[in-house]
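Dumping the structure here so I can ask a few things about it.
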Amino acid sequence: MKTSRNGTRRRKTKAITTAKAGLPPGSLVHVGAVKTDRPEITLIAYDENGIEESRFASIVESREYKPAHNRLWLNVHGLQDAEILGEIGRRFHLHPLVLEDILNTHQRPKIEDYGSYLFCVLRVFEYDPESRTLGSDQVSVVLGENFVLTFQERRTGIFEPIRDRLRTPLAPILKRGTDYLAYTLLDAVIDRYFIVVDQLGDTAEQLEDEALASPTPELLRTINLVKHDTQLLRRAIWPLREVLNSLLRGESAFFQQETRLYLRDVYDHTIHVIETLDAVRELLGDLMDIYLSAVSNRLNVEVRILTVLTTLFLPATLITGIFGMNFERMPLIADEQGFSVALAIMAAVAAAMAAAFWRRNWLRL
Amino acid sequence: MKTSRNGTRRRKTKAITTAKAGLPPGSLVHVGAVKTDRPEITLIAYDENGIEESRFASIVESREYKPAHNRLWLNVHGLQDAEILGEIGRRFHLHPLVLEDILNTHQRPKIEDYGSYLFCVLRVFEYDPESRTLGSDQVSVVLGENFVLTFQERRTGIFEPIRDRLRTPLAPILKRGTDYLAYTLLDAVIDRYFIVVDQLGDTAEQLEDEALASPTPELLRTINLVKHDTQLLRRAIWPLREVLNSLLRGESAFFQQETRLYLRDVYDHTIHVIETLDAVRELLGDLMDIYLSAVSNRLNVEVRILTVLTTLFLPATLITGIFGMNFERMPLIADEQGFSVALAIMAAVAAAMAAAFWRRNWLRL
Amino acid sequence: MKTSRNGTRRRKTKAITTAKAGLPPGSLVHVGAVKTDRPEITLIAYDENGIEESRFASIVESREYKPAHNRLWLNVHGLQDAEILGEIGRRFHLHPLVLEDILNTHQRPKIEDYGSYLFCVLRVFEYDPESRTLGSDQVSVVLGENFVLTFQERRTGIFEPIRDRLRTPLAPILKRGTDYLAYTLLDAVIDRYFIVVDQLGDTAEQLEDEALASPTPELLRTINLVKHDTQLLRRAIWPLREVLNSLLRGESAFFQQETRLYLRDVYDHTIHVIETLDAVRELLGDLMDIYLSAVSNRLNVEVRILTVLTTLFLPATLITGIFGMNFERMPLIADEQGFSVALAIMAAVAAAMAAAFWRRNWLRL
Amino acid sequence: MKTSRNGTRRRKTKAITTAKAGLPPGSLVHVGAVKTDRPEITLIAYDENGIEESRFASIVESREYKPAHNRLWLNVHGLQDAEILGEIGRRFHLHPLVLEDILNTHQRPKIEDYGSYLFCVLRVFEYDPESRTLGSDQVSVVLGENFVLTFQERRTGIFEPIRDRLRTPLAPILKRGTDYLAYTLLDAVIDRYFIVVDQLGDTAEQLEDEALASPTPELLRTINLVKHDTQLLRRAIWPLREVLNSLLRGESAFFQQETRLYLRDVYDHTIHVIETLDAVRELLGDLMDIYLSAVSNRLNVEVRILTVLTTLFLPATLITGIFGMNFERMPLIADEQGFSVALAIMAAVAAAMAAAFWRRNWLRL
Amino acid sequence: MKTSRNGTRRRKTKAITTAKAGLPPGSLVHVGAVKTDRPEITLIAYDENGIEESRFASIVESREYKPAHNRLWLNVHGLQDAEILGEIGRRFHLHPLVLEDILNTHQRPKIEDYGSYLFCVLRVFEYDPESRTLGSDQVSVVLGENFVLTFQERRTGIFEPIRDRLRTPLAPILKRGTDYLAYTLLDAVIDRYFIVVDQLGDTAEQLEDEALASPTPELLRTINLVKHDTQLLRRAIWPLREVLNSLLRGESAFFQQETRLYLRDVYDHTIHVIETLDAVRELLGDLMDIYLSAVSNRLNVEVRILTVLTTLFLPATLITGIFGMNFERMPLIADEQGFSVALAIMAAVAAAMAAAFWRRNWLRL
């Protein structure tokens, strides 16, 4: 069972696979699991006058399309078809390294300034409290002058509320630039972190109850897996801190002064989610102590049982021994009630001892 | 019982609730528990000439009011009525994000400069030594050119001494600007921290006594909960350090040179309270060692009891066995006093061993 | 006993008492234990021409005094009379916050530049190796253009050697400014730290011997108390590092270039005393491992005793059982020497086993 | 066996051997194991027009050679012949300290700017999952204006894919400068790190399974050896971080603006590999807890067996004792079925107890 | 024995002795153990034309001496005669604090710039693998314009190879300035560190073997002593890092540009030795886990022995009990072979159990 478990829930320490090693940089090969049946391209063109949504089955289809509004949000679900990305790259003049990073879904979160656009890699998490597994998808965002491109490995539904807000007639978001759209995308990702961190916190509290109730080495392994997951999450969120900080300091021209106030808010949320996550991690660290202490306690209980048993039987056995001696003259031996008296003495001694243990609470396991 | 306990005293690792996730920024929704029956608005207008206090039942009532003095302190208890906040926001030209942060009472402590006013979020703690629970309320302070606004979730009485000082005729505080008032508010919050930290320190010492007396896994859990509380407190105080430091360096124009000397004092107090808190946390960390050592010690004691018992009974049992053998010729067997002699030997051996244990202090549990 | 111990030797995590909370800043109330019968004022006036010492019973007495030399060192022992401080404050134009800090003897060490004088709070320690208690007093120093003021809670005798050097005719110290006097005071405080750290180191080594000999939970508590004391000491010394560093960088005009060379020496000593203290703390940290290992070892020894006992008695008891069986035909039973032979077998088996244990060193407790 | 193991797999904490101590700097002595039979010199001359490869048996042979293309990559395998290095040093004007560092294969990774060339020391690792040993070789790279020199202790095949890319006609790499070649070399080294880190991660997971199954002190030793290897790896990779960062900031003129974008990619990979390595190290750290918990658990199991045994036999033995007493009147004694009844009682008691244990899961080891 | 051990090998946490406390700064008193019979003064005068060595029995003797070459290296072994130092100080215009630091051999390593010379305190170590003791001597170096002064507590022979290099006719070192000589002295000290760190690493590996073989609390103490020694060493080396870094950044004019390249090499070595030392310290940290695990394991083994014994004897004892019962009708009792059959049953049960243990490997201690 252990092996199969390891099999289904492998630790996520694996780095870039060796298949990629040695290839020239910029080679467009999708590295990562294929998570959708086929890619899906959605284009939202909007400005203060309205919004127009289009969905393309293939990249060929989209070539003819001329948008009626001048702010574009192009979203791609599914990355297995490198051709689509190649075409988008050519049309938006993306650097080969950007395309490579989008396809290789094992990137660290980062924001890079390529002069005419900002490239941003994020990681979206999903926690399943049942199986206690943490899944993650890479979301790449390119923010240019009037366009936002987003690339996801599969539908996570994370940007759906933003699409709904765009669809609302006269929504304030329509009046603002694409930098504001990029901010709302970022905000949606961070909000998702709060949910996952809360779920991990709940799991940690369940594990605490289990550790007190039945401390098995298997439980310890589960604790370590969850600890590992929080670490994974932390490593994904931590770089955002610095990235947002650099955007706040105004190092990039892509965010307007007004939008930066909102970025400061996102930055606060990021710090907050990191602190909450750290509290969860502390909880998990303390769990180890609770676990080890519960194990020690069980040992104490078992030694105590042994002691109680020995204590209850040794005196009785001694008494049987005494009356089993072969002396010719022994008290009680010839007595009619001798046997009963002996049994009574044994029972009395055992009862007295049991009472003593009762008072010391030793009979409660 | 464990579940109910977990229920009444949940760990405070929860982040912003998911209800808020996905809403556009600046939506005025109160996030947090409602802690008062109905909001209460108090306005103190003061300057060197005097002071005037007003209390409004509703926000409508206050619209007509014209203050006679030119420094204003507006305080709101209870945040469930978003309308009040909306009106105050409009009248003092507060940014939507500020109003959102006031209503969402899960903010990290911070100070933000919005150009025409400083916005400051603080956290006020209350510790109940009986139930060993740490409660907290968010206090938001807005410091503008001649006004201070304070927003609290409920009455904590923390600012009452300051009101008393304002009410004292010719009090020095009346002659100083609203920046000095803001300083005294800050000082009152930090002074409260000292009290809470002292209470946590007392609890830690009680727990130490309990750990030595009866080390149960439940106690360990309590230790971890208190440790968690100190961590929570630390996370609330720590950001103040940097915030005060930036105010001291004169990055904000809202504090006059003279008031900054007092801010340096508050800064010193903050460092001091953090150091005291760290000492408490160390104490709690050491507690774990004391606890584990007490558990080990109890195991030692129990093994010792087992050893003592075995030692006292084994020789006696052996003697009964010897005289229980069926040899036809055995010494003492036919003797009149044989039985008594055998018992005497047993008692003597047991007494000698008990004496040996007594000297080794093994009979003391 | 535990309670009384806790009573006499309370942990020093207590912060500013709650009595002070809520008072306006600058209120002159002495916070801390009163350690002297009555305050004592000493004034030393000196320059290259000579020295004049005066002692005043009350502050009134000193008003008439006109010093003959132009460098002043005013020392006050005992701080319970706030009036004295008030007068000194007025005469030397000290800020109310300075006076407040002098009276409130729970300050962190610090140096603050008030423009026309430097204000410096230090902490002097005293260690009693017998009771293993660490006491501390606050020493406040004010360094002005031609005067040095020192305030102590009670006589510690720490500055006595400096007075002796001043009294020596033509001593070099008379020729130098008050900044050099301030340096010698600082140096005396740091030298005292070396002594206390050495005493703590000796205590740590004694505790190590005790841990190996008799690891009781009470000892663990003592170890933690000493650890706590080193932490306390470290927190008092650590801020000096930064403070001296800022003086060295020449941020303050009160120390002349020549005196700064000596300050660099004091800085080196401070680093050295911190490093030595850290070595002591490491020692105490390792002590925990030695303690726990000694506890484990004792458990091993006790289980071993149990095993030895069981091993020595079980075979003998089995033999008595064998000859206690009621078979009609049994060897040796009818034999004249049967009983003796049986005893001899028991003795032989026990002796053989004892020898085996002896060789394994199991009989040594 | 322990000694031989220590012998074959010595920890790699050894520093520069003492043979070198005291020699003047710049003495050309090869310090390190000789890993090849004889040195091998390969020269690749290339530019956008083509590529020419030459292989020299000795350094004398190469003196006559005039390359047809103006970008040179000179590679040396095997460093035991100091003469070769001396000649290369003279021809490319390398500083004696550079040559010394190339020969002494115990260098830390570093990049040094010598004005007319960059000198870079890297470490290439190889992990053998069977014997769980980590081997490493030093690779030195000198990057000048139009030439790259690489020095390796032996053939590792790490640069073979790059040679293949150079051999491809019209490959983009031919059109770029030697700084791009240096980047690809660096990239190849980092890619190798990913592979080694993955192998270490797999080993860590195997060790986890072993720790749960059979926690022996020998296993603990293995865990520590692997932990040590990860530490070794980390120390080799960590300096690259700073080095790449300084190259990125443009402190060196040897990398063109265009190539720096690629260096940023290498920098990202370096951070990524460090983070992955840290995850492996955490895993190994948690392993210790799992190991200790498994040991504790085994102790619990063994005490439990003892308790079960005692519990099953003590009542039966007591019953035999009771019927072994010598009372003249005892129930059942004269009964025909007495013996069987007694045995039945013993069996029943034992069975009842075994059932109780079964329900508590105590019979499962 | 414990006391004597503590006596002969005291921990080196002692700071400056209290004898010095309270003395005015610059008092020339030798603080530290006297390690040589009498001081020895050696003067080497050299330049590119040659070298002249002189040895003086007393400081008086040296007054007449006029060197023929213009670069001087004055070395003093033995510091007990403060008069010698006083004279040297006057002749080379050294600051009183420098002389004090040379005599007080408990300094931290440091480099101080006194304007016309650099003053440098180093610590040279010596490790005795037999007694596992680490000794250290202070070496003070003064580097001025054309002279180098070195002061050692006793002959350590550490500078002998440098003297040999100076004595070699036409050696390159003769052509270079005294800054290069200072570099070679520094290099010799660092090379010595490598040797000591290697010896500590060997000791750590021996201790690992001992911990696995026989984990006694005394061994733990030894482990902690060695850990303490590595810490001591680290504290001595660590400050060099910063010091060399500041020399490299060119903050001091005493090192020429050319020599700085060599200093960079020394800096690299320092980092390397610190990293190697850290690896040794990690090894020692892991040792604690191995030790504790070996102790746990031994407890397991001992409980197992107890269990095996109980298991082998309890069934046999029960059988003797059964046949010892006094039923009138019992099977086998009257049988001729009854006794032998009973013994055979006992032996068979014991053998079956022993076989079961054998298969579980429980009979191997």
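Each chain carries a letter (A, B, C, D and E) given by its place in the written order, and its residues are counted from 1.
By our rule, a contact is a pair of C-beta atoms (placed from the backbone, for glycine too) under 8 Å apart; a residue touches a chain by one contact, two chains touch by 3 or more.
Quick caveat: nothing in here was measured; it's all calculated off a predicted structure.
Asker: If you take the chains that touch subunit D and keep only those that also touch subunit E, what is left?
Answerer: none
Asker: So if I look at the partners of subunit A and the partners of subunit E, which chains show up in both lists?
Answerer: D
Asker: So subunit C and subunit D are the same sequence; what rotation in degrees superposes their CA atoms, nearest 5?
Answerer: Rounded to the nearest 5 degrees, it is 145.
Asker: Given that subunit C and subunit E are copies and touch, would you call their interface same or different according to whether over half of its residue numbers are shared?
Answerer: different
Asker: Determine the centre-to-centre distance between subunit B and subunit C, using the mean Cα coordinates as centres, and give it in whole Å.
Answerer: Using C-alpha averages as centres, the distance is 28 Å.
Asker: If you average the CA atoms of subunit A and of subunit C, how far apart do the two points sit, in angstrom?
Answerer: The separation of the two C-alpha centroids amounts to 45 Å.
Asker: Hey, what residues on subunit D touch two or more of the other chains?
Answerer: Subunit D, residues with two or more chain partners: 292, 296, 299, 303, 306, 310, 317, 321, 324-326, 330.
Asker: Could you tell me which shape the graph of touching chains takes: line, ring, star, complete or other?
Answerer: Basically the chains close up into a ring.
Asker: Starting from subunit A and stepping next to subunit D, give every chain of the ring in the order they occur.
Answerer: A, D, E, C, B
Asker: Of all residues in subunit A, which touch subunit D in the complex?
Answerer: Contacts found on subunit A: 2-3, 6, 11-16, 18, 20-22, 24-25, 95, 97, 106-108, 110, 112, 215-218, 220-221, 224, 227-228, 231-232, 235, 288, 291-292, 295-296, 298-299, 302-303, 305-306, 309-310, 313, 316-317, 320-321, 323-326, 330, 332-336, 338-339, 342-343.
Asker: Residue numbers of subunit E touching subunit D in their complex, please.
Answerer: 161, 165, 172-173, 184, 187-188, 191-192, 194-195, 197-198, 201, 204-205, 208-209, 212, 261-262, 264-265, 268-269, 271-273, 275-276, 279-280, 282-283, 286, 289-290, 292-294, 296-297, 299-300, 303-304, 306-307, 310-311, 314-315, 317-318, 321-322, 324-331
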